[in-house]
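In the two complexes below, chain A is the common chain; its partner is chain B in one and chain C in the other.
Now for the complex of A and B:
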C-alpha cells in the first residue's frame, strides 16, 4: 500500500498544478461572459456605468464576497459549508447585542470572530474525526446557528448604535470601510491558497483526501483551518451586513449559503473539490451582483430576476466548461 | 493496515453512538413537540364565569395556531394572548405553524383532537386554506381566522385599506407643507412580492390614494399595480423589499440610482424593517433631507424613529402584538353565538411625530393605550373582557 504515484507527495503536487490550470480556463470563460454582460448593461441601462453605481455594486456584493471566500476554501477542500447561512446572522446579532450592551467595537469584533471560528471548529470536528458528510454536518449546524441567532435577537430587529456601524460608513471615494476590508481579505485568502503550505494542502485534500492522508498530511488539521476560517469569515460577514443597514436580525444574510456556493462554482471551482480560487470567486460574486444590479436598474420584476439569475448561472458555467473542453482537445 | 483501519473503526463506533444519541434526542423532541408549545391557566377549573365575564357559555380553553415563532412580533402576540387568557381565566394553548402550510394542517388536526372551546388560526399561507376549512367544519368547533381569511371562520384583521387612506392623508398634508408634489417628488412603495395581495394592498392602495390627493401625480388604481409592476407611473415606483432590512437596503440603494438627485422621495413600506434598510440607503446616498418615509407595524424601532429620525414621519399601527386581548373577547363572543361582521377590526391609528407620545409612554416604546374600537368591532366590548385590561379608549 501507499507508495505509488496515486498516494505519494508527487500526486499532491500534480493535483495542485492541474487545479490551477483548470481553474484559470473556466475563470477566463466567466470573465469573458462578465465583460459581455457589463457592456450590455452599460449600453442599455442609463446610470449603470456611473461611479455611484459601481460603488453600489461593490457595497451590495461585500457580504456575499466575504462569505464566498470561506465557502471557496470549503469547496476546494472537497466539502461544503452550508452553516454560513446561520453564522452570518449569528455574527450580526451577537455583534449588535455586544455593542449595544456597551462593549467596545474591537472587542465585540474579536468575540464575534471567535464565535464564528468555534462553529467552524465544530464543523471540522464533525467532518473530520466523526466522518459525517460535510453536507449533513454543516446542514445541522446551519439549523442550530440560525436558531441561536433568532434566540439571541429574540426575534426582533436590533438597531445598532451609529458608531457601531462604522464599517458601513463611507470613506475614501465614497467607498465604505468594509469594501477595503473585503479587498484585504481577498488578498489574504488568495496568498494563503497560492503561497502557503496550508493552501497547497487544501487543494491536495480536496483532490483526494485519502491520498493526502497517506502522504502524511493531517487532514483533520487542514479541515480545522478550512472550516475555522470559513466560520470566522461568515461571522465577519454578519458584522458587515449589520454595519451596512445599522441593524441585525435573526435572518440577515441567511440567503448567502446558496449564493456563495453559486459564486464559487461560477468562479471555476468543482463541487468534487481540488479546484477553484479567489480570483474566480471574486468574479463569480461580482457577476451575480452585477446581474442583480443591472436588472434592478432596468426595473425587471423580482420573479423574472430569479429566473434570469438562474439562467445566467447555468450559461456562465456552461460557457466556461465548454471553453475548457475545447482547450483540452487542442 | 491497522493504521488505516483504526480511525475507520473509531469513526464507525462514533457514528453508531451518534445515531443512538440522535434517535434518543429525536424521540425526546417528538414527545415534547406533540404537546402544545405553551399552555398556561390562571385557575384550575378555567371556568370563565367565575372570572366575571358577561358570557353565557363558558370558554375554558382556546387553541391558537400562530403563524410562526421565529419572528419577534409573532412571539409577542402569542405570549400576550396567553397572558390575556390567563387574566380572563381561560387556558390558551399555542401551536406553531412555522410559516409552513403542511404544519398548519397538522396543527389544525392536533387542535381539533385537543377539543378546545374555540380555535384561533393564523394561517401561514394566503389562498391555501381550503383544507383548514374542512378540518374545522368537520369538528364543529367554532373558529376565528386571523390576518388571512379561512372560509367558515369569523375573521379578525386590521384594515389595510383604512391605513392606506390615513397614511396617504398624512403624507399629502406633509408634502403640501413642504411644497412637494408630482412635479418634484417620486413615490416609492415597498412590497413583498411573495406575500400576496392581502398584504401588499397596504402599499398599492396607498399609491392610489396619495395620487388622488397630491397635485401632479399620475393616478393608478391599486388593482393595476401587480407584484410584477416596477414602474407604476412617471411619479411612482414599486420595489420588492421582502420585509427585510438588508433586502430593502440593497433594493432601495439601486432604485435611488434611477431617481434624479433633485427629486424628493416619499416611501411607504409594508413593514418597519424595510424602512430601517431604506433609511440607511438614504443616509449613505446623502438624500435623507429630501425624503419622507413611513412603515407598518409600530414596533419599537418605529417608535424611536418617529421621535428621533427627521425622515420617519409616519407608521401604520394596528397594535398587532396586543391582538390577544381582542381574540380572547372575540372567542367568548363567537362561542356564545354572536353575529360577527365580515371582518372584526383591531383599533387602528397612523402614528405621527405629533401623536406618538399619545399612544406610547414618552421616552419608552411601551404602548399606554389604544384608540377606540372601530364601529364593526364594538360588539367585543359587550363581552366585558376588554374592560378587564383597560387598554382601549372608552372601555376602561
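Now for the complex of A and C:
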C-alpha cells in the first residue's frame, strides 16, 4: 500500500484504505451497524443519550470487556477459551472468601490472579503438549472451574465487605474505579498485540502454527502466555463483577463464555485464528452492551433480548461476510 | 574461502550417519549416509515415496531418526526440534510453504526474528529491516504487502528470502521451482548459485532433472528409502539417473502422434470467455472434439488456470461469454455441479485440498461420482463399492495394499491416479485436467500421460491445462498457448515443439507480470 497512488483523487482512497488496513470487512460492517443502531436508540429511546446512561453501558460492559480481551488473545492464537465462564465466578468467590477471611485486598487480588493464571496454564498444557483441541480442553476446564466455584462458595451467595468492593466505588465523573481499570487493560492488551514480540508470535501461531514452529517459535510457550493471560483477565473480571453487586456466587458471570466469543467475532476475528485485535473486540463488546441497554430502557422482556442479541450477531457478521463474498466475485 | 583452503582435510558441514526412520512396520529410510559440504549443492533425487522428504525433515529437526545420527564438524548431533536445527544454521523451505497469510511480507520474512528491544517491536522497525534485506537479496518485493496479495511465485520468494536472511549455512529446498515460471525459476537458480559461492551448503530436491544437473555438485539417488546411487553431474546422463530412480530402464511413453479427432460437432466449444479478475481472460475461444487431447499451455499468471477452473465450474469469479456442450449453447458453468450435469469430468490442480478427502478410503474416492452403481435402494453397499474399486485399481495401476486404505497414505502419483480414475468412472464426455502431474514422480507421470491419451482415444474429448511445457507437448494433439489472457498460438503436427510453445508463452512475460501485479494491488486498495 505504501506504493499506492499518492496524488489526485486516489490519495483520499489510499488514506482510507490505509486506515482500514488489517480491518476485515466484518469490522467495517459492525462499525456502520453500531453507528446506525446508536443513532436509532438516541432518537427513539428517551434517556438513552444521557450521560448517566453512557456510564451505565460502560459499567455493564466492563466484565464482558475484560473477559473478551483474554478471549481475543485465545481466538487470535487459533484457539478458544471457554473456561472463562468458570474462571469468572471462581475469581469472584475466591476474592470474597479471602477478603471475608480477613486478608488484605491487594494480597487477595494477587492470589485471585494466580488462581486464574494457573487455570490458564492448565489449559495451555492440555492444548499444547497434550494436543487436546482447545474447544474440548477448555470445555472440560469450564465445567471443572465452575464446579469448584460453587464448592468454594458452599453453594450460597457470599456477601462482600463494602471496603472489598472498592473497585465499584464511583470516582471522577461518576465513573467507577473499574472503568479506568478496564481502559488500562484494553490499552495493555492492545500494546501487547501491536508492539511486543509475544504479540507477533500470537498472530503467527494463529495464522499458521506450523510456520511458527518452523520459524523456531516455541508454540507451547506462546500458548502459556495466551491462556495464562486469558485466565488472569477472567479472574480479574470476577472481582469486578463481585464489586459491582458486593456479592459473589458460583455462577456470577457464567454467561461470559458465549458473549465474549460473540464479541470477539463481531470484532472481526476469524475463528481460524491469526486475525482480530483489541479495537474490534471493544467495538463488539460495546455493540452487544448497547443493544442490551437500549432494549432494557424500552422494557423489552429478557427473552426477546436474547433473540435480538443472536440476530445482531448473525446479521453483523453475515453482512461482513457478504461484503467479502461480493469482493471475491468481482 | 581462504579458511577452507588452509584446511588440510575439509570436513563436511554436516554428515548424516546411517540414519533409519521407521513408522511401525513401515521403513521409510534405511541406513542412509550422506556428506554435505559447505559451498556445495547436493541434489536429492528419487521418486515420490523414495524417502527424500523424510531425510530432509530429519536434517531440519522436524522429525527424529529411529536410528543413526548426524556429525557436525565432527560433533555427534541430533536435532530435537526445528529450533535446534535452526540454531545450528539449517533452514528448510518446504514444498508446502509455511507462511502466515494475514501478515505482511516483512513480518513473514523476519518470522520469529523480528527486530526487538526489550521484547518490543513495531511495524515500522520490521518494515525498515525487511526493506533493507529485500534490497540486499534483490527480491523486488514490497515489504508492506500482505502475503495474500502476492502470487504463488512471490510467496515462494519470500520463503527463500526468509531462509537466506536467517544466515543459514545449510538451506534445504524441496521442489522450489514447482510453481515458478521459467523466468522466475531462472532467477532462483542464479540466486542459489550465488549462495553457493558465499559458502552456503544446499540440499536441492526437484523433479526437474535439468535443474539438478545445473546446480548440483553431487547427486544422491534414493529408492525405497535407501541410497541407490551417488553420482556427479559431469559424466552422468539424465537417462542414467532416471534408471537409478526407477531401478530399471526408463521407457519413453508411446503416445500416438496421429490425432483421432472425430469430425462430428465438437464436444465443447468455448466462446469469447472474459473475466474481470486478475489474471484476466480477454477473449478465449477454442473447441475440443471427441478423440483428441487439447492442451492449454500457459505460465503462472497467464490466465490458463482460469480456463481450467471455468470448464470445471470451479470458480467464484464471473466469466462472461458462453460455452457450447454437444451443440447446446449456454452460459459458462456457475458451479461444479453444473459442469458435472453437462457430463464434464474435472480434475483440479490441488488434489490434496480440492480433489480428495485424504482421510477417507480409496474406494470412496473412486466411487464418489457413481454411488448409484454401487448401492442398492439408496444404500451404498461396502461390497459393491469394494468390487467396483478393485476393478479401477487394477485398470489404472494404482499401487495400494487395499482399496480400504486411506487416500492420504498413498504417494502423490497414486493419489493423482485415484482422483483421475474416480472422475473417469463417471465416463464423462469431456475430461478437463488441470496440472495433472504436478508433484508426481516420473513413472506415475508417464502412466498418467498414457491414461490421458487413452481416454481420448476411447471417445472422450480431453482438455489438459498445464504450465509444464514437456507435458503439454507430449500429450497434446493440438496445443494452444495462452499468454496475457488470450490464446496467442495454436500448434499441431510438426509445428508443435517445445521451443515454439515456450517462445509464444514468454514473448512478453516481463511486461505482462508487471501490469498484472500492479493492477492486483489496485484491486486490493479498492476492495478495502
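In this text, the second predicted complex is superposed on the first by the 297 of 330 C-alpha atoms of A that agree within 3 Å, B and C clash if a C-alpha of one lies under 4 Å from a C-alpha of the other, contacts with A are read in each partner's own complex, and residues count from 1 in each chain.
Going forward, a contact is a pair of C-beta atoms (placed from the backbone, for glycine too) under 8 Å apart; a residue touches a chain by one contact, two chains touch by 3 or more.
Predicted model, so just to flag it, every value in this text is computed and none were measured.
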Partner chain in contact with A:103 - chain B first, chain C second, else both or neither: neither
Contacts of A:32 with chain B and chain C, given as first, second, both or neither: neither
First, second, both or neither for A:118, with chain B first and chain C second: neither
Which of chain B and chain C A:159 touches, first, second, both or neither: first
Partner chain(s) touched by A:249 [first = chain B, second = chain C, both, neither]: first
Contacts of A:297 with chain B and chain C, given as first, second, both or neither: first
Which of chain B and chain C A:60 touches, first, second, both or neither: first
Common interface positions of chain A, toward chain B and toward chain C: 1
Residues of chain A touching chain B in the complex: 1, 46-47, 50, 52-53, 56, 59-60, 63, 129-132, 150, 153-157, 159, 168, 170, 176, 241, 244-247, 249-253, 292-293, 296-297, 299-304
In the complex with chain A, residue positions of chain C that touch it: 62, 81-83, 86-87, 92, 94, 98-103, 107, 111-114, 116, 119-123, 142, 144-145, 162, 276-277, 316-318, 521, 523-528
Chain C-touching residues of chain A, taken from the complex the two chains share: 1-4, 13-14, 16-17, 20-21, 194-198, 200-201, 203-204, 207-208, 210-218, 274-275, 325, 327-330
Contact footprint of chain A on chain B as seen in their complex: 1, 4, 7, 10-11, 14-15, 18, 69-75, 193, 227-231, 237, 239-240, 244-246, 248-251, 253-255, 257-258, 272-273, 276-277, 280, 284-285, 299-301, 304
